[in-house]
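Presented below are the structures under discussion, each in the form of structure tokens.
Next, two complexes with chain A in common: one pairs it with chain B, the other with chain C.
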Partner chain A sequence: MQTISAVFAYTLKEHVRHKAWLSSALFGLVLLGGSLIVSALGQDERARLMLDLGLAAIEVIALVGIVFLTVNLILQEVESRAIFLILTHPVRRADYLLGRFLGTVAAVALGMAGMALMHAAFLSLYGWWEPGRYAAALGCMLGKTAVMGALSLLLSIALTSEAAAMAFAVFLWTLGHFSSEMRFLADRSGSAFLKTAIVAFSHAAPDFARFNYRDFWHQTAPGGDWLAWTAVYALAYTAACLTLAVQLFEQKEF
Partner chain B sequence: MNAIRFQRVSKIYRRSHLGRTTETAGLLDLDLDIPRGEVFGLLGLNGSGKTTAIKLLMGLHLPTKGEVETLGRRAPDVAVLARIGYAPEAAYLNKTLTGRENLRLFAALSGIPSAERERRVSEMLEKVGLGKAMDMRLSEYSKGMLQRASLAQALVHGPELVILDEPVTGLDPLAIKEVRVLILWLKSKGKTVLFSSHDISEVERVCDRIGILSGGRLVKVMKQDEWRGKADALEAAFTAAVVRTDGVGPIRME
Partner chain C sequence: MALRRLALMAALLAAALHAGSRMRRLHEPRFPRLAELKVGPFAFQDAALAAAGLRAPAADLAWIELLQYSAGGMPELVDRPGHPYEHLATLSLRVTRLDPSMHRAVLFAAGILAWFRGVERPDEAAELLEEGMRRFPEQPLYALYLAAIAYQRRGEADRMIVLLESSFDRPETPSTMRTILANLRQSRGEYREALALWERIRSDERDRSEHARARIKIAELRTLLGSPPHDAQR
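On to the complex of A and B.
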């Protein structure tokens, strides 16, 4: 535990010093631009648009951030050889990987919290205030971010190329939003092989549509069960990716 | 009792590119025992296998054949790393941290309890002459200061076995003398020291025994009494034992 917390702390510090907070500044610009655009609309429409625009921007900025940071997380330490000194101390590789991953997710979560505070302040100016549902939407986004981070980390260790890992991560992120469409496509396919391949792939790829709390925004809010299953799915998928990443990382020589 | 034991150890590097596999021998059939309390120097040209031998001891590489033991435990063994201090040929440290944060990290990774950590960190930084620079970021350190920070992380946990990979390469004469004094101090405390070097004059001043590596093979082992008091005995033995394997010819200015 001491090892994980030490690696976690230095990873978080490293990201903060590498100006991970710039994501919040970028988001501030999105908010200002968005408010100028929607200022011509009526009061209700303004709040709805600012809500959708703000949450979408938080999600995209967080996802770009987590993919970029996790893809480089281990590869840069290998390139700078800083990993030599860490792994020549009594550190299990699984603990190192977990500490690095959690530190990165925490850095992105801090950025998300900064963006959410600004966003909530803007929304309250437009007269919108539903903190419970807003927190649930943010929690779902954090789940998606953690899954994407674990997947990007796995890809970076498997492919050992930043560009290839980033390209695959973006590909899987896009496909992950179309799991049900893929299964629909498989049902329509005439080839048994293609059908099996698509179904297998749709189950193996992360189901990001599952995290879209925003889809229910203008309907009845999903219950606690829905949120609990989403959390279980995020934890299970993240754990599976990290377990595979550790298996690969254990085989590596430096 | 041996601190280090290599038993018929070979390390072959395999690289595959476009379906073609090339093999390079890092070490070949290395048999070597280093008893506790001894200062042992590994001498050799570039690419002779010095760093490979050290990486095998530290668990950064796995042997292709044979067995490596450190402090009675078969490598790689994560737990035994708490009793070993390692400083690589360059200070591969995370430059975003300060000297104190960096050493605090390695103290935590080495298992030093938090109650004791701060005192040990400050003491060690004072001992290596970084007392006044401990709160500066490593990115602002000079090469000599980084080398000291690297030595500090190798010694902060009071290891029984200290492994130094080319510790004097690139240092000024004063710093070289300080490293020499450090090695002799470690010897006086009963520690085992293994260090690799190109510098014959440094090795002959501090070592009890030396091993000469050439082309991945241990071609000669000498005791101190074979060179002490005999001018150029070690240099002559070294020149006679090594063969260039890197495809570079001698410099001839005629």
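On to the complex of A and C.
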């Protein structure tokens, strides 16, 4: 546990000092400002536009940040051979990987929190103030980011190529938003084999569409029990990906 | 060690699948299938945003494009001569198919199609409202507008206006619909009622986009009523 927290603190500091993190946070603020300007065109729906576009900007920046940071997390250290130095110390590979992952998620969450604070301040200036629902939407976005981070880390260790890992991560992100479409296709399919294959695939792929609380709260917002199950889903899926990533990382020979 | 880890991973994946099925059982978002989105000049934009999990922002951008079109500023969609607002219903359906909770698009377009002078295509408006109602039955204004269109078809204009005015202060009523109502009153020679409606529009912050027009209309109606237009100059 001590090792994990030491690696966590070092990773968090490293990311926050990194230019990529700072520029993505700045770009996020610019994007947020842009969404506020665009919302002025929405006439009667200005508050809704400010809310939706701002949250979308935060999520997109968080996605780009987590994919970029986690894909490079281990690969860069392997390339620069810094990993040899770390692994010569009495550090378990599982602890090292977990600390690195948690530190990265914390850095991205920190960026998200900064952007969300600014966004919420603007929204409250325009009379929109629903902190409970806003926090729930942010929580779902963080869950999505954590799952995506674990998947990207797994891909980077399995594929050992930054470009391939990033391409697959973006592919999985898109696929994760098609889970209900895939189940619909399965229902329409005449072949039992195809139906089973599509349903199995749609369940195995991360169901990112389910995390879109910010998208469907305009309809009927789901309750607290739904949020609890969403947290279970995010934690279990992230942990499953990390377990596999640890297994692959331990088998690797540097 | 490897087997233990694989077993742990399988258990975690099973927990995730169970949680996923519980989430589905507890809440099913009502977004129409992507196949229901029509091919048009914005198909790529809509598909890309929906694929990125941004249905509500996609509907928001579609709403801005709908407003742009209705203001006459969209070169991709030009109306044929004699067919004003030809693409309005299609653009409004696009918004509601991206996100059915964006009901203002349907109400806005239905208001223009049914009651705008020189447009008056209530059948198209009714079709639009029926689809809106099918997709988002909780919105009471769809049924109210449909009833108002029914009165219009039967020539019962008084009842139609009273019914529409009952929704004047509802937050979902688009500003455009409020101005349509005021103009309807004026076209029937009911200047005092029209003036009262324009004054309500001018005093409401929500109708900020219509304030300049309201000031002009108030001055015009005051002149018609024979009272000094000083108040409208504020």
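The rule we apply is simple: the second predicted complex is superposed on the first by the 224 of 254 C-alpha atoms of A that agree within 3 Å, B and C clash if a C-alpha of one lies under 4 Å from a C-alpha of the other, contacts with A are read in each partner's own complex, and residues count from 1 in each chain.
As a working rule, a residue touches a chain if its C-beta (ideal position, glycine included) is under 8 Å from a C-beta of that chain, and two chains touch if they have at least 3 such contacts.
Owing to the predicted nature of the structure, the values given are computational and were not obtained by experimental measurement.
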Chain B versus chain C as contact partner of A:K195, first or second or both or neither: neither
Broader residue contact with chain A after superposition on the shared chain, chain B or chain C: C
Chain B versus chain C as contact partner of A:R48, first or second or both or neither: second
Chain B versus chain C as contact partner of A:R133, first or second or both or neither: neither
First, second, both or neither for A:L87, with chain B first and chain C second: first
Partner chain(s) touched by A:F178 [first = chain B, second = chain C, both, neither]: second
First (chain B), second (chain C), both or neither touched by A:Q219: second
Chain C partner contacts - residues on chain A that touch it in the complex: 38, 41-45, 48-49, 52-53, 56, 59-60, 173-174, 176-178, 180-181, 184, 203-204, 207-210, 212, 214-216, 218-220, 222-223, 225-226, 229-230, 232-233, 236-237, 239-240, 243-244, 246-247, 251
Interface residues, chain A side, partner chain B - complex: 2-3, 5-7, 9-10, 13-14, 17-18, 80-92, 253-254
Footprint of chain A on chain B - complex, ascending: 55, 58-62, 78-82, 84, 86, 88, 90, 92-94, 96-97, 101, 105-106, 108-111, 114, 150, 153
Chain A contact footprint on chain C (complex, rising order): 2, 5-6, 8-9, 12-13, 15-17, 19-20, 22-24, 26-27, 29-31, 33-34, 50-57, 60, 63-64, 67-68, 99-102, 104, 136, 138, 174-175, 206, 209
